[in-house]
């Protein structure tokens, strides 16, 4: 399992998470909440969402793709139901037939906004599996995203996410982890003989890391550093913008999301990087690879790759050589939702595993259709989601067991944490490993 | 005119007893009456006073009169018809002018309350001058004659429902008898024209049994002849069921005698006796001759879409209408959309606190 | 002047207005969607053939991967089965093709009446079953509204009344032309409701599938 000889104790991450506020109410009046939520939905709704919201036929099939519904059989977790308030506002305020719709559809209320906090945050990881099954082709995830933004504007984010978003926006730290902690980690790696070039004025590659790497999975950070060093790349990590996690995105605050992305893109421009590598973090990848450019409506002047994507590419191109293991290791690969379904990173991690000679046992739902671990989208931070996460993890355990694999490899800290937490609760004996660490541990000389 | 009994008249005309009874038998069978009724029909007809029938032709084409008087030979039906004494039949009677007017008024006077008024042709209300006899408008004549009548038989679709003159745009303001007369029993014998034996059959029924027992449908037509649709009795029905249709006149299907639904046959919604009794003494009827039923026994049959449009075809307007509807839709949509976009821009929330 | 019979009404002005309302309504609802902001395409796409991807999704979204649909197979199959049956009945019955030909100017060969009857009966059975299911299935009960129920009733009525008219079943002293008129009227009700409720998905579903397939392909995902 995970262990580190860092001076920050390993329980620190979990403790800092559990120290986050778990209660909180909106500071806005009910009228103000409704007004702001509506304003967000009305102003941000785009063409694709509009057409999609006109097209739902209430077939309910989306429920059967959602791990939260599958684990609980509770109808309220039906994905399109989670989007109900967004759809109501659209139909009343923006639909071409809004005058007709208003005869049938009520105004949303502040009570409903509060009620929907659970549905939009606690019981949705924005995993996108529902987007695959909808016979109409509706991307329900877009509606979820907008719903979160609406609740955020109404000051109805879950308290944990509000706290983290505030901290990251104002202090540029997360769970108290900032530049100092980065430097401390770099010093520690240096003492192990791993060189992390800090704040180079000019570099080809800029690496990011995460609070979870620095606090919990420092070996992942170390592994990536070793690999980049092995490849002989001119790389750096920048003190002013090293954090890949984007709690603006996770909390529904689009302004903060853009700010956090801008910090990274500014730093990349400042050092002239041609490639920015996102570490083993899920949401950080699409946030930077796609959302950053889309929000500014300007292409990025550099490439963005997830580390698993980068490793696969380098190995396949022959630039990174790994040892072939004896093939006795029966492993299944868990595709993190935000890297896979939202990022298109499927082949590269498997190329890396193939080169390592791993005996890959795919789960029944793998690649595009794989089941979410149950912790993404900020859900793993929420105390109120604990029971839900426990129940949805049963699905994942069964998938792994049915595949015949002995262990799980993945490339996202949240997935890794969720697996470890879940396994610990029920004494599940299948370990989870990091792809980066696996590769770094088996570099050919 | 003559008040002789029907029996006397028949004998005078050389109808044998045997022939007369044969007629009564076929009448009974045609009207679906049991054989035991035959003597009753015979007695009724024999002893029937020659009731006065006043026949008034209004705005008509004379087709109904032609239908019944088609001279195939002296059929019993014709004789009977003559026997019932057409006291006044403007077209047929020899008298004309003032003499015929006198005949009319005399008949009406003598048989007041007992004569049968037979009408063919519609009544124009647009301008009474459109159709007059001796300078008297149809409507005035009808009202006057109806007053003393025991019942009115509206013969032909014009009298029963308005017929051809009433077809869109109805320039003469044509209406049916029942649109004008509300206080007398009216029997509608529709058809354009009605089948001859249907006319005589109805009259024979009224002669024999009066009006009671003559069951009428919701349009006032005798159910005995108008109670079933052409479709239900059509000999080509199996082809309809099997889906074998003539697609155009004289194509293979038409030559094979297939169903004429696609060529506009209105058999399924038309009620008449054509498919069983047929025309020209049972020779044939339109469908058998290869042309779809045009529904001539039904009200407004001229205005039910085209004769050659199948029943499943509707009046959907024109391409121009569709273009207008489409244009209206797009205009409304574009307006709604532009307004919505403006609403979106206006609703942009205030930026969150700057970092 | 005698009042128009019901059959004349439904074959005349009612059909005209139903058709006009349907066309205007569809175009209204569709045109109103063109002003919404398009998503930015500034991010470099991972795939360079979004049109092919879009078309692929239009076709293949009807056959999702087995691991995805295995929990909802009954609804998945019966849903498509009744759509196929409904459209086959509408588009391949001889009587309907006469109407289509009069509007479009062309038509196509009909299927045998017996085949259509079987399809129509199957479709009716499935629709009734799925409607009943909509009442007691917890997910469907939660998300269903008036539109859902009205739409399914208006979808069932033309089938039911069509079968009764076609088989010349005329109960309670009605006549064939009444049953035929009721059938055409039920179609007109469906036409009028179509642009305003969920049946509008007929117009947008393929477009939505296409756009989603293209969007997924930009992210390097086949969905």
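When the chains are written out, they are named A, B and C in that same order, and each has its own residue count from 1.
Assume contacts are C-beta pairs under 8 Å (C-beta built on N, C-alpha and C of every residue); 3 or more make two chains touch, one makes a residue touch a chain.
Note that this is a predicted model, so its numbers are computed, not measured.
Trainee: Using C-alpha centres only, name the chain that sits farthest from chain A.
Mentor: The chain lying farthest from chain A is B.
Trainee: Go through A-B and B-C and name the pair with more C-beta contacts between its chains.
Mentor: B-C
Trainee: Quick one: chain B and chain C, Cα centre-to-centre, how many Å?
Mentor: Spacing between the chain centres: roughly 42 Å.
Trainee: What is the distance in Å between the mean C-alpha positions of chain A and chain B?
Mentor: 80
Trainee: Got the chain A residues that touch at least 2 other chains?
Mentor: As it turns out, chain A has residues touching two or more other chains at 45, 94-97.
Trainee: Tell me, which residues of chain C touch at least two other chains?
Mentor: 28-34, 36-37
Trainee: Indicate the residues of chain B shared as contacts by at least two other chains.
Mentor: Within chain B, residues 332-333, 336-337, 340, 344 contact more than one other chain.
Trainee: Okay, in this complex, where on chain B does chain A touch?
Mentor: My answer: residues 332-333, 336-337, 340, 343-345, 347-349, 351-352, 355.
Trainee: Taking the complex as given, what residues does chain A use to touch chain C?
Mentor: Chain A residues touching chain C: 45-52, 54-61, 63-65, 69-70, 73, 75-76, 78, 80-81, 84, 94-97, 100, 104, 129, 131-139, 286, 289-300, 340-346, 364-365, 368-369.
Trainee: Tell me, which parts of chain C touch chain B in their complex?
Mentor: Within the complex, chain C contacts chain B at residues 1-2, 4-5, 7-8, 10-13, 15-16, 19-21, 23-37, 94-96, 98-99, 102-103, 110, 112-113, 168, 175-177, 180, 184.
Trainee: Across the complex, what residues on chain A touch chain B?
Mentor: Within the complex, chain A contacts chain B at residues 36, 38-40, 42-43, 45, 93-98, 153, 169-170, 253, 255-256, 259.
Trainee: Hey, which residues of chain B end up touching chain C in the complex?
Mentor: 161-162, 166, 175-176, 179, 229, 231-232, 241-243, 245, 261-262, 268-269, 299-300, 303-305, 309-317, 321-322, 324-326, 328-330, 332-334, 336-338, 340-341, 344
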